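Worksheet: the structure to be examined is printed underneath.
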Amino acid sequence: MDPQQLAEASARALWEQDRASQGLGIGIVIDGVGPGTATLSMVVGAAMCNGHGTCHGGFIFALADSAFAYACNSHGQRAVAQHVAITYVAPAAEGDLLTARAREISRRGRTGLYDVSVANGQGEVVAEFRGASRTVKGMLVPEESGE
Amino acid sequence: MDPQQLAEASARALWEQDRASQGLGIGIVIDGVGPGTATLSMVVGAAMCNGHGTCHGGFIFALADSAFAYACNSHGQRAVAQHVAITYVAPAAEGDLLTARAREISRRGRTGLYDVSVANGQGEVVAEFRGASRTVKGMLVPEESGE
Amino acid sequence: MDPQQLAEASARALWEQDRASQGLGIGIVIDGVGPGTATLSMVVGAAMCNGHGTCHGGFIFALADSAFAYACNSHGQRAVAQHVAITYVAPAAEGDLLTARAREISRRGRTGLYDVSVANGQGEVVAEFRGASRTVKGMLVPEESGE
Amino acid sequence: MDPQQLAEASARALWEQDRASQGLGIGIVIDGVGPGTATLSMVVGAAMCNGHGTCHGGFIFALADSAFAYACNSHGQRAVAQHVAITYVAPAAEGDLLTARAREISRRGRTGLYDVSVANGQGEVVAEFRGASRTVKGMLVPEESGE
């Protein structure tokens, strides 16, 4: 498999093995994956908002965290979060389409660093997320699976 | 209302107004609240775990984030997350009872800082969370409500 | 003054008013500033290294933090750090030329968010820094100074 | 050596081997070390302040970062910073005595987590720092040195 095929196979494996990765019941959709990257989106539903119609930060985090998970697992080897941080830059409102784009900043030894930017439909930044991952034992995609 | 009564009334208001605060469908329970503090817990279910029986970080985050929300809203005035970070220290397994204890480090002007420690039933630290909040317009508890 | 002139005047003012901004005695040089951006560099000296010839993280932080300061003060209004985080990605060695490039992610109300990437002479990422700033009272550049 | 003796020997070794650890030329003093802990202090000098007499965040960071370094190196094995974050809670002024108290939150495998609280002479919190460390090859204190 080439890196792009590996990224797509890893995403399928992550989705199938982990019920928690299947959008968390909040309608997260995988728009695309690549080597070290992932783009996921969701529409802010009423149940995700407080009384004032503003999306809870926890759901924005869940979207960004999922994009991080798909990106750091895109090389076929299982990886888990070690440290993550999110800064909420602007509020998101009911009905907003939020898109999280994850990209790999570095990968060195067992450690990876990923930035995820979450924007609304107008392209305005809603939150910036940064996550550090560590690979763990086990492959998402069997090494022989490409043959 | 005294500070403890205010904390309890704020927790009730947060619970009632925000469906997202009602345990996120993952069985989060409020063990107690006080001025600047909150203790929440949940049992790690099978659906929260990956194929190896290890709890996804996103659920540990959700528990810590909820404790942070109850703590920073415990003074009656609405507050929202501005920046949060979590470090995963040790894995949690299916069946573990996780308890998140949030405490206020400082509150100054509109900004608050809160630490949340998540431990398992043996008292071992699973994750450490730190959140900065900003108050926003609006009271959770009407000021006259104590009379 | 246009935004670029304002950025340059702000950098001059920051340098003159704050002895701490003058490279901290570790040879930090300002390569360039712009609206929301700043590029600073330094050469890793022997005194910055531990017994194994690896640069102490504190000096890498100082370089990134200075770039952040020049970037968040580039609009003429004084701004101070509120929350900063750095992840060390790869070691830097004695003699390395380190360059920190700061860019503005967002600016909204009194709050700004800046990313600073520190790379060595080969373009390899050494550290990633993220800083949130808040504006405070006072202008770095008198508003009439451009006339 | 018992853990306390090891902590003291490690602190002496760190001080002697690393010129950067010797207070950075800003008068940092080691008040005490123990297994997983370190207390360091400094007085805010005029050169550390901006035009308004407020201490630059970079110096507060340097104090906290040094306390973190002594704490994570207190077990005899060399450790380096991997990820650190600081939140500035209240300003410090010229003449303030700042004390940084570092304590170990967890140590597991090669990874350690440390919190450092920086307070002024009145005991008010000025900044909260959290650092993750990784052990590297090499002992600060030769294993036979206690005999």
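Here the chain labels run A, B, C and D in written order, and each chain numbers its own residues starting at 1.
By our rule, contacts are C-beta pairs under 8 Å (C-beta built on N, C-alpha and C of every residue); 3 or more make two chains touch, one makes a residue touch a chain.
Keep in mind that this is a model prediction, so the values were computed, not measured.
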Next item on the list: Check B-C against A-B and say which one is joined by more contacting C-beta pairs.
Entry: A-B
Item checked: Centroid comparison with subunit C (C-alpha atoms), farthest chain -> B
Note to self: Roughly how far is subunit A from subunit B, centre to centre by C-alpha average, rounded to an integer in Å?
What the structure shows: 23
Margin query: On a C-alpha centroid basis, what's the spacing between subunit B and subunit D, in Å?
Written below: 30
Notebook entry, point to check: Just curious, how far off is subunit C from subunit B if you go by their C-alpha centres, in Å?
Noted result: 35
Note to self: At least two partner chains per residue is the criterion; list those residues in subunit A.
What the structure shows: 82-83, 85, 87, 111, 132
Notebook entry, point to check: In their shared complex, at which residues does subunit B touch subunit C?
Noted result: 82-83, 85, 111, 132
Margin query: If we count contacts the way the header does, which residues on subunit C are in touch with subunit D in the complex?
Written below: 17-21, 24-25, 47-52, 54, 56-59, 61-62, 65-66, 80-88, 138
Item checked: Contacting residues of subunit C [partner subunit A, same complex] -> 83, 85, 87, 89-90, 105-106, 108, 111, 113, 115, 117, 125, 128, 130, 132
